[in-house]
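Below are two complexes that have subunit A in common, paired first with subunit B and then with subunit C.
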Partner chain A sequence: MTRRLLTGNAAAAWGARLADVDYVPAFPITPQTEIIETLAAWYASGEVPGRMVTLESEHSMITAAAAAAATGVRVFTATSSQGLLYGMEMIYTVAGWRVPFVLVNVSRALASPITLEPDHTDVLAARDSGFLQIHCATCQEVLDSVLLAYRLAEDRRVRLPAIVNLDGFYLSFTREPVDVPDAEAARKFLGPFDPDAIEFRASRPISQGVAVLGGSPYSYFRYESHLAALNALPVYEEAARAFEATFGRHHPAVEAHRCDDADIVFFMIGSFATKARDAVDRLRERGDRVGLVRPRLLRPWPEALLRQLLSGKRAVIVIDQNLSMGKGGVLYAELASSLYGSKQAPMLLSFIGGLGGRDLPPEEFYEMVAVANAALEKGAAPAPRLLYTRDELREMHKLQAVATAERRETGMGK
Partner chain B sequence: MSKPTSIHSMKDLPSTHLLGAGTAMCAGCGGLEALHQIYDLLGTKTVFINAAGCMTLLAVYPFTPFRGGFLYTSMASAPAGAQGVRDALDILLAKGRLPREEDMTAVVLAGDGSSYGMGLSATSAAIERGLDFLYICYDNEGYANTGQQTSGATPHAARTATEAAGPGHSGWKKDLFAIWAAHRPAYVATVIGADPLDLARKIETAARLKGPRLILALSPCPTGWDFDPSLTVEIGRLAVKTGLWPLKEFVDGEVVHTRVPRPRTPVEEYLKLQGRFRHLFEPKRDDRLIGEIQSAVERYWESVR
Partner chain C sequence: MFRIRFHGRGGQGMKTASRILGTAFFLEGFEVQDAPRYGAERRGAPIFAYVRAAREPIHERGVITRPDLVIVADDSLVAVPAAAVLPGIGDATVLLVNSRETPEVWKDRLKLRCRILALPVSADAEERAQLPFLGAACTGAAARLTGAIGRDRLAAAIGDEVGPYGETAVRRSLATALAAYDAMEEHEGLVRESTADAATGYRRPEWVDIPLEAVEFAAPDIHGAATTEQVNTGVWRTQKPVIDYTRCNRCSWVCSTLCPDSAIDVDADHTPRIDYDHCKGCMVCVAVCPPHAIHAEPEHGAAGASA
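And then the complex of A and B:
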């Protein structure tokens, strides 16, 4: 094991390298590009074996990735945002092929308006696809989660592709010290790729991805994928234990920080959860009994674990870095469905924040706790809140004033 | 300048069919007619990577007519699927994880809706990467699987489900052969099931070469073109005899016509057998439109003399 200063993107590339992947179909997109450039440089120099092909789109890239996995090799690929959506037809399609591979998504907010900085609406669009999803908060987690994702995806009880998600900019371009496992230890942890009889060979005729007629066989195969995804819950626990035994680091399906005696708990995913963690520590200093619950595993959804962690709490503050137009936060709705009907269910408060890289400063976490305390006193949860400060609004009005003036001056605003 | 061939007469063609019978294709399907012949020649060491279209319904769980490999992908990305399969096989061969005799040929199987339109970007990129694959386009000149709407391959004046009235399709059939040839691939050829000898020689040539190779098969479609299924072969022959479907190949940077119809049968002999062109003859003969089609044929053959 060596310790290196790595960006989230470099950590993802190291994960692929240590997983000894055979094949990397690629397509550049900000903020993911550094991942494929890193791998390309290693392959070009011969530092490690591997083959990369640049496709002409993410739609093709994901097709090639899954087709290669269906031929019996270990495949890695990466994308972001618009790229994930461009490939979305294939994300849904190839999950049903039941061929395991790992895709790193570097989260970036979706158009419109087009932007570069992160939120999670992109990766949540893949929520119902059949891909497993692991969400990372640190660069170390990125590297480790790529290895865990292969172990999980290739397990015979699962056999589904997996997405490892990290936030663009905040994690993709942030350097952190990362313990890089030895190649040999990683090889032992994963073992060679197991095609489980799904492969094209001259001596073994096989038709893959074929059509069905009617809802009955269709439902059967869809249910099979769903049950396989649920199998990934216990398989993840095994994999995480094996990972800890090999590498000495534990990555639970759900991270719980200072939760045991907490009254109020933050609930969020991704790198901004480290801000929540920090806020929890500060609030604890002044005596507030607060904690943080951060699911790393989003698909499968660790429902039992979440119930266990959150039942009996007084309030849960769900911070969604995503927005389902006309509904609200996706995690809020998911968590509510998991806790509904439980006598011990906490009050749920919904906050939308951190869209398109908008910061979540410490004061906002403190304010959310104040709102939660007030709601508890009143006995009723407030309406979901879209985080935006008066200062931001003033700045926005300035931009609008400039836009209006420009239109007037150029004669466009008539 | 056709390459030397082992196929001289119908007697040299395979006598057994590899593709299983009883598929969901329509009676008289010209695409299936061509695919049968092609599969017999390519053999079972092939992975067919399929784009959404009529032939997606060849393999419906739990049945498949393919005795080798088959993979359905999507409408737009079959060539990328071929890239993944080919690359994976190459990697396995290079790493000694696949015995040579287990290797297979990647074959895209796509209709004109995909090949002329949605899949063109993926196709262009696969050629530009020099992918070693064979691309079979069964061209039935419309989105036939959904009921023959106009596609990029629909010929001038043909009525389709989306241009069902008036003079039919206002545009002209896109020249996919030329688009492929402009990429300088290893091989491009047009074929038709109604000329098995010409088809067989081209498959033989294509199978011998490496790199991107297209077999573009005009596929008379009884349901989409509106003719009796018994006429598939006759209509195929007329497509060639009228000069509407030039049988040709692009190899070593040169286009060679493998059949030159002399004298050319007037196009109306081909058109009048098909319901999609009936408005050119009934209730009143439309000499202007028939003339436009005939002139285009004349211009083509003039240009390649």
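And then the complex of A and C:
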């Protein structure tokens, strides 16, 4: 094992390398491109065996990934944002084929307006597809999660493709110290892919996408995928324990930081959760009983574990780095559905923050706790809030005023 | 924790500079986080990069809002608000500037109470922004200012980070960085680690409820004539393409077609004219001109200037 500085993208490429992947269908998109560039350099130099093919779109790339996985080889691919959405038809389609592979998504907020910086609305569009989802908070987790994802996806009790998600910029282009396992240790943990019944061959045709009518067979196949996804929960815990036994690092399905005696808990996913962790430590120094709960697994949703961790807490501050137009934060709705009806259910507060890479400074975490305390005193949760300051709105209006004046002067627009 | 911010223009080596410094800290046994920050990649546009280094695991992320050290490779950025060079500079921050002006002039101009130092480079004052291996000079000086990085570790980090660009690049980076490191001897340890602010007495964010506004105001439209023309992207240049009309063969299309910013127009008599208000200095035209009639000149004191 060597410890070195790696970007999140390089850590993802190392994960693929240590998983001994056979085939990488690829298509570039910022901020993911460094992953396939890193793999391409290894393949070009002959340092790593395997084959990479650049496809003409993400739609074809995901089709190629699943088709190759259906022949029983180990497949890795990566995309981001608009690319994930361009391939979305096939994301939903291939999950139903019940063949395992790993797709790394580097989260980047969706158009319009177009941006390069991250939020989670892109990966949440794949939420109901049948892909499993592991969300990372550090570059180390990115590497480790790729290995875990293969073990999980390939397990006979699961057999679904998996997405490993990391945030653009905050992880993709950020270097952190990463323990890179020895190839032998990685092989000991993962082992070669045993495809057993997966055997798509030209000489033995199989249809991977059968047509069914009448609803009954359709319901059966869809529910089987759902049950397999739920089954990934105990299988993940097993894999995480085996991972810890091999590498000494534990990545439970849900990270809980200083949660045991906490009254108020932050709830969020992704790399900004490390900022919440810092905020929790600062607030503890002040004497506040505050904690952090961060699901790594988003699909399957670790419902029982979340109930167990959050029941009896006074308030949970849900920070959604995503936005469902006309509804609000996705995590808030998911968590509310898990806690509803329990006598021990905490008050839930909904905050939308970090859209398009907008930073979450420490004072906003402190202020969210102040808002939660005030709400507890009052006995009623406040309306959902976008984390957005008066200064930001003033700047925005200044830009709009400039644009309006320019349009008037040049006679463009209204 | 050390919190260090590099500011420069795309092409000046700030990303490499931050990586060299990050690796040097790492080799000294620090936990490290380093990252460049830019939008769509483009030469000459303002970029910054940052390095955090601490003895404990680092959970902070993103832009450094209260830097201990700010390095400015190109002083023309100080006046560009979008480059965000000045935000967060406090009395304890050290500001290291690559400039034709003295630190005293900057102190007076910016009305800052922090320490301001000049980047020690031997280049002609006119050529500072185009200095080869400018990033290495910034890193060398920064490493010495922290007092936490030995000369040999700095050299090893340069070997690691510049190695892929070849032996010559390593040799010249090393010479540039070590010269800057040595020149900063009297200021060794001037940059101090700072602690994170406590959760008590924090400055409360002034959150606001965004109102629903009229759609023609709230839709993200850009009107070409109004916005694209009036934003003077020519100020991004560090180098300027200049056409030698005695060699231009009036082919009428190569430079103008391949200019990625449509900043070269061709007259009725097939003569190309560069729009210096919008030319970003990418030098694609210099590379593609068949008779080599376009050459690059440093932005300061360039001949044939119209901007």
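Following the convention adopted for this analysis, the second predicted complex is superposed on the first by the 407 of 414 C-alpha atoms of A that agree within 3 Å, B and C clash if a C-alpha of one lies under 4 Å from a C-alpha of the other, contacts with A are read in each partner's own complex, and residues count from 1 in each chain.
The rule we apply is simple: contacts are C-beta pairs under 8 Å (C-beta built on N, C-alpha and C of every residue); 3 or more make two chains touch, one makes a residue touch a chain.
Values in this document were obtained by computation on a predicted structure and should not be read as measured data.
Clash-free side-by-side placement of subunit B and subunit C is the outcome of superposition onto subunit A. Ranking subunit B and subunit C by residues of subunit A touched puts C first. In the superposition on chain A, A:Ala13 makes contact with neither subunit B nor subunit C. Chain centres taken from Cα atoms put the angle at subunit A, between subunit B and subunit C, at 100 degrees to the nearest 10. Of the two partner chains, subunit B is the only one touched by A:Ser203; subunit C is not. In the superposed pair of complexes, A:Ala262 makes contact with neither subunit B nor subunit C. Look at A:His59: by the touch rule set out above, it reaches subunit B but stays clear of subunit C.
In the overlay built on the shared chain, the residue A:Ala239 is in contact with neither subunit B nor subunit C. When the two structures are aligned on the shared chain, A:Thr389 is found in touch with subunit C, with no touch to subunit B.
In this overlay, which is a superposition and not a single complex, subunit B and subunit C have their closest Cα atoms 25 Å apart. For subunit A in complex with subunit B, the residues that touch the partner chain are 22-23, 25, 51, 53, 55-57, 59-61, 63-73, 75, 89-90, 93, 200-203, 205-213, 217. Within the complex formed with subunit C, the residues of subunit A that make contact are 5, 30, 112-113, 116, 169-170, 173-177, 271-272, 274-275, 277-279, 281-283, 285-286, 288, 359, 361-364, 366-367, 370, 385-393, 400, 403-404, 406-407, 409-410, 412-414.
Against subunit A, in their complex, subunit B makes its touches with residues 44-45, 47, 49, 56-57, 59-61, 64, 66-74, 76-85, 87-92, 95, 97-98, 101-104, 121-122, 124-125, 129. Of all residues in subunit C, those touching subunit A in their complex are 19, 22-23, 26, 31-37, 39-40, 58-63, 65, 196-200, 202-210, 216-217, 220-221, 223-227, 230.
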